[in-house]
């Protein structure tokens, strides 16, 4: 079943600082996201992966096109709905994990993860326990749970960020290279956690660099190239087609 | 009275003639001829008629707006501002020849200031003077309201050093006038709050802020808390006058006057812990500490003239001059029956000390 | 209707007779806010914005952009030259409220946290007394009830309750800011306005004050307007953001959109100027 229907999506930036130069971030992108699937977005850097994700979250205002999202209250065009509607969806249905943790400096890691759960109405001790479990699963050392993430390494911060994003099990989860800074073991733990913690109730759209990760988590793969959608394939096809590259890279 | 309309205008309880400006020179010369030679050249009651009218207008305005500070054109007086010039101007504007006048200075009729003010009225306004509260029609006072109940024939003129109770919390009169205009008294409430935080109860010894008729916050002048409740629903008229600040305000008869207090931190009067007056043995009057040359501290009634009466008759009630002797008047006005029984015991124990006190004096 | 809907809010400064074209001759596109014709300074003009209940609106701009004038007008501390504001708790144009209504609105419906502590607190009063003032002004007359509520508010805003009876002048800057917040929220207002909430505070204190406020804001779901020149503050607190320059709103949007996809030339410069 179609969960999100993206049609003719275009994003163009006008750079006043460089004399009004126009940069195209996404051009004429159309595809569907299915209910409950894990969709990976791949492509070279600058191909528009993050732009696509940000358009879905409305961090970027699409220049043209529609994003028809099957919300609990009916179909909403994320490209044109009001800002308040978007805020409300972000609060209730759509989660986002950016590449870097963006939090108030003096908040302990555990509280960062707990907060969205409390805002969902979960009792605070229960929320704390869930948060602690998630951080433990992502092998964030226990002694760091109550420390401030500002002092953490990139990988540690990324774990906090991922835990926070998945904790409330949003209906749509947008992940922007959530494992890029993790070491192989933690990466494996994170992938394992995504698989176990999230249910079919959560549809994931994630930007990934790493082919191995894609092969482990994704159901289908969107391939972007130079701001355009090149293809959308199932993960087996993707893995098969990129086997050469993987070997090449490994050699 | 009928042959001299100006006299009627000056009488304390009438104000009908205020609007007409009579041919004053005639009245002035007439009046002067009736007074003592020593004040020849002065108008009746010292002030010129324009000044008196100005003060009376202020008084009428003040009565119309209970608790509201009404500005008036305060004149120079033959004594320094701050020594009761507002009170004197008000008094002299009210007095007529039929009036009987009393002056109290901190409870005493005999201070130099009180005696001088009394003499000024006596010589310029041709009034009787008295030290007996119940005989007086106009009483000018500083820092006290008499112990004996005031009646609807009496006016109490209180001398006021500081007119605005809000000045305790904000030095800006501009801002304070605005607060009064809009009944915005939260700053005063904070001061009370802080007072309770510091002392556990509201510790304002004198000038206790009161709400008049649920509208204006008023400074009752530096009377002790003991006297504050006498302002509430009284039969008499209270006028408050400040010469230096050129303001008059009033509490008309039967006006609600409520001391500011919290529901759970009530307004409290001074406590004398069972002390009694060493002269008259009273326990229901405002007492002041007196230390003699030998360093012995004793307590005495602050209201000297009532104390004299109590020495004569220790059972005399504060409302002895009224038909109804149960009129409430300040704190410590006890039920007469209970009071009689209690007083018996006080007198039995206290007789010797009263005698001793007399000997020493 | 939103909690607050402001339309064409305008404020002029100057003793001159306005020429009538001051607004069209000033603004971001002219790069000035002083009218070349008559010399009138247009503090802010034609500002239209809305705040939903529970929402945090950021107003960002450099000094002289008109953001503080706007905040002061919305807090009823400054008279507007023109404009209408519909506010949930008030019938009619909020900007036209008379003194009495204003005192009531400021005390019970719109809490203001001033940039300068002296504008918001009486430093001679105790910290507790300053917070109590809001309650007493709202008619609280039971001393122990006031104490209990003040103590709760101190705990809520993370000020040590054992300091509540000390003079406010003895408090640190961060504590004074917290006491202002405690006072602002004392009567559960529908709207709180924060004017430069971190200015003058140590960096470590800034973060804790922001976090404390954000927690309270979310727990109590109180709508907030936060005015700051600091993009970091806006980014951390605001759901939606208004960018001002030369007295005009040049851009409005979701905060992350304004930060990451700025459209107006000035906003792009502002974002690119962050150190």
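In order of appearance the chains are A, B and C, and numbering begins at 1 in each one.
FYI, a contact is a pair of C-beta atoms (placed from the backbone, for glycine too) under 8 Å apart; a residue touches a chain by one contact, two chains touch by 3 or more.
The structure displayed is predicted, hence computed values, not measured ones.
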Arrangement of touching chains [line / ring / star / complete / other]
line
Which chain lies at the heart of the structure, taking centres as C-alpha averages?
C
Hey, how far is the Cα centre of chain A from the one of chain C, in Å?
34
I'd like the Å distance between the centres of chain A and chain B, where a centre is the mean of that chain's Cα atoms.
81
Could you please state the distance in Å, as a whole number, between where the Cα atoms of chain B are centred and where those of chain C are centred?
50
Touching chain C in the complex, chain A uses residues 13-17, 54, 57-61, 83-84, 86-87, 102, 104-107, 115, 119
Within the complex, which stretch of chain B touches chain C?
178, 181-182, 184, 186-187, 189-190, 193-194, 196-198, 262-265
The residues of chain C that touch chain A in their complex are 52, 55, 204, 207-208, 210-211, 214, 218, 235-236, 239-240, 253-254, 256-257, 260-261, 263-265, 268-269, 272
Quick check on the complex: what are the chain C residues that touch chain B?
99-100, 103, 107, 122, 125-126, 128-130, 132-133, 136-137, 141-144, 146, 165
